[in-house]
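By letter and in written order, the chains are A, B, C and D; residue numbering begins at 1 in each of them.
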Amino acid sequence: MDVEIIFEERPELRDPIFVEGLPGVGNVGKLAAEHLLEEIGAKRFAVVYSKYFPPQVLVEDDGTIKLVRNELYYYSREGDAGPDLILLVGDYQGLTPEGQYELSSAIIDLCTDMGVKRIYTLGGFGVGKMVEEPRVLGATTTLELVEEMKENGVIFSRGEPGSGIVGASGLLLGLGHNKGIEAVCLMGETSGYFIDPNAARKLLLILSKLLDLELDLAKLEEKADQIERITAKLKDIEKMEKEGSFEDLNYIG
Amino acid sequence: MDVEIIFEERPELRDPIFVEGLPGVGNVGKLAAEHLLEEIGAKRFAVVYSKYFPPQVLVEDDGTIKLVRNELYYYSREGDAGPDLILLVGDYQGLTPEGQYELSSAIIDLCTDMGVKRIYTLGGFGVGKMVEEPRVLGATTTLELVEEMKENGVIFSRGEPGSGIVGASGLLLGLGHNKGIEAVCLMGETSGYFIDPNAARKLLLILSKLLDLELDLAKLEEKADQIERITAKLKDIEKMEKEGSFEDLNYIG
Amino acid sequence: MDVEIIFEERPELRDPIFVEGLPGVGNVGKLAAEHLLEEIGAKRFAVVYSKYFPPQVLVEDDGTIKLVRNELYYYSREGDAGPDLILLVGDYQGLTPEGQYELSSAIIDLCTDMGVKRIYTLGGFGVGKMVEEPRVLGATTTLELVEEMKENGVIFSRGEPGSGIVGASGLLLGLGHNKGIEAVCLMGETSGYFIDPNAARKLLLILSKLLDLELDLAKLEEKADQIERITAKLKDIEKMEKEGSFEDLNYIG
Amino acid sequence: MDVEIIFEERPELRDPIFVEGLPGVGNVGKLAAEHLLEEIGAKRFAVVYSKYFPPQVLVEDDGTIKLVRNELYYYSREGDAGPDLILLVGDYQGLTPEGQYELSSAIIDLCTDMGVKRIYTLGGFGVGKMVEEPRVLGATTTLELVEEMKENGVIFSRGEPGSGIVGASGLLLGLGHNKGIEAVCLMGETSGYFIDPNAARKLLLILSKLLDLELDLAKLEEKADQIERITAKLKDIEKMEKEGSFEDLNYIG
């Protein structure tokens, strides 16, 4: 069982678009993909097990276990209501470089089998400092896609990300391109210090246009507000530390 | 020889129950399984060798060597005397995540071949502090099993273990479930600081009921007493250190 | 996809000579091979992908991605104008020892298929101190080649390199020799502290003679001058530090 | 090329005895096997290459390279002059646990093919302190062999080595035993701080009796004397340090 994809259903989809959102910087891609999945009510059709995942089961609140895995969902639409979708989500990526390649190769094989027309991978772009207005950066497999994405508000900025794109969000582009599938990586700008629902929200604003979907982003806004309140408090603490407000406390303590 | 199971005998068993007890937190599972094995006089029928174990032989007291391995035992009973058993014990688990998956997959294949009906994996649940009355926590593959285990005194506590179950005790549940075998992990609560015969004893109290076995737990109690005397002494030393009783000694020394 | 070589063209070459220049000490081999490639206008005919490379895509300035890979180029010449060439370049070597073997084995298979007559691998020989006049050291698969290289100015110095040659530059010799292909490793002496275009230049002075090529090395000289200016500044700074010139600054600061 | 054994000759041997001496604690096994090989003038008949060795070539004094490898030698004797021998020597063992298993498995396959009757693996037993009169400790695959070895001066001491035998010297016993080949590990007692020709000499004193060979051990004695002179000097220095003889020097310096 190098990589095993167990199908629960074999949905018939028309030229589906594939969306990946696995854990990564700020968990931006994971947050975005899981929000998308919930909002559109996508249906699970397959699970992915692999020896390249951690050798572990998770224990659910009801006492039952779940073997570490990724999950595949689909969302199909009538006639002209927009393209059908496949979503890849999960709590883990492959543990080793070789595992990353094996897993992404298996997913690209599935994309080929299911006639996937385009891949969007969702990730975070860590900048190491607080970001007020996160940009959505892009990278694609073709120049035509660069233009198309620019028209939809995606930023292409020379040297960002300088180190390339590591993991599934990168490999699905590279391996997909080798199999003739066009692909785009959308990266929400994030500090990388916290999970970042705000970057995920910005990312979904663009993705929903690209996928012709109307999404309610209220839950992500709520989560973003929570995170903001926490970081604001942390900033206050930091400020007080700098101004020496804690010195008195130390005196007493 | 990725994973090689060498059979010494091919026992005919009726719907056997499989019990795993390999090394882990507090060696609770190993202690329990090995005590069970001795008390019922189970018979070895196969050994498991693998390149995923340490590349090492152990030297016995008589000067002969033993290649690192796991061992499989069976215990068969007449008529209604209770279910037949298979036990998996050993000094090592797989060294790498991939090795863990390969070894547990091979064991699940064996379970399928031998018609195993249910799997119990035994482990420790480390809480990082001394435990007076260890609970036995559980995780299972189905909700029905959760209920059955609760009736037998197993505790299911939301968020325990929060990090899931790592290694063979977890994988045998996950991989077994995928092959349609029902499975339960029983975890004896333990500090994790010492090998913990008391947690193993509590675990066997429940397991013996589940397996319809009468077990003499005197040896485990003895071992538990020994450990308790040692930890009591360590506590005394710690107490004296806190109270400064050693300062005088330092004075003299 | 352990190692996948995708051909874009199948050039017909006469007894080609194979030249490898992948990243390594001071990037001497990479600099030399890439300069050679540009100067002769070699043409790409294949790319090498592998799960032994980092699981990563690089983002180009135009926003498109490039899956981590090695590349194969060829250069064919009319009649007596000198031997045909194959060049191997890229940004990465295999991540693991096993990956190194798998990649170099695949390359040697390609060499056998394409009738390669001789292999030159290009590398750096790190000496851990600044080098004014870098030597070009050699190692070969046969004694006859040692003599031939000596006649072309290559230095063979007992105990250099004492630790052997690690990575593709070494393996292509060893694995090539096992398949009956003669091979030479040319190592430009370098501090190993910086990328070293000067060592690459010296290496190409010899290689161009061996390959019967006229190469313009002006660009490498330019790069070497740049590096020299930088290192000269660093030396000044070091000197000032030793002489205490910074103490005054500290006083002020 | 997981493990590749390239034969240069196919010697016909009668029930040969296999002797392994690869690098390890104090290089005792390697020193002993290589001395044995030289003294009897054994002839190389095969080389072992593997992706589990370091990805490296060694450079010989004449400028030619040698791919990292192990080597197999044989020594055949007329009629009753004693058993034929196969020797395994080399500069490296497998880099990873899995590599160790793969390499030793390949060697055991070769032993089976060549009708090997018994295996001796040679190693060091590190005790972490200087040893005046090194013992030769043993471990075997059968109780009969324990007795036979005791009669030849090999020591069997309960709990030594407590941690078992790691690497080829252990695996060849374990894997050999599984294939029905009897095997003995002989371990020369050594501090483990230096390469230890004296432990190797003691080991060969016993092995030469077991193999019915007359060996000149003068060269090993010489090497042992050299090491002894070095360690004696180190002891002097240590003594002086303890006695404070260096304090005066510090005073001056």
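By our rule, a contact is a pair of C-beta atoms (placed from the backbone, for glycine too) under 8 Å apart; a residue touches a chain by one contact, two chains touch by 3 or more.
Note that the structure is a prediction, hence the values are computed from the model and not measured.
**Q** Taking each chain's centre as the mean of its Cα atoms, which chain lies farthest from chain A?
**A** Relative to chain A, the chain whose C-alpha centre sits farthest away is D.
**Q** Where chain C and chain D touch, do the two copies share over half of their residue numbers, giving same, or under half, giving different?
**A** Different; most numbers are used by only one of chain C and chain D.
**Q** Find the geometric centre of each of chain B and chain D from their Cα atoms only, then give the gap between the two centres in Å, rounded to an integer.
**A** Spacing between the chain centres: roughly 38 Å.
**Q** Measuring centre to centre with CA averages, how many angstrom lie between chain B and chain C?
**A** Averaging C-alpha atoms per chain gives centres 54 Å apart.
**Q** Quick one: which residues in chain A touch 2 or more of the other chains?
**A** Where chain A is concerned, no single residue meets two or more other chains.
**Q** Show me, using the given definition of touch, all chain pairs that touch one another.
**A** Those chain pairs which touch are A-B, A-C, B-D, C-D.
**Q** Can you tell me which positions in chain A touch chain B when the two form their complex?
**A** For chain A paired with chain B, touching residues are 1, 6, 49-59, 61-68, 95, 99.
**Q** Enumerate the contact residues on chain C facing chain D in the complex.
**A** Touch residues, chain C against chain D: 94, 97-98, 100-102, 104-105, 138-143, 146, 149, 156, 158-162, 164-167, 170-171, 173-175, 177-178, 185.
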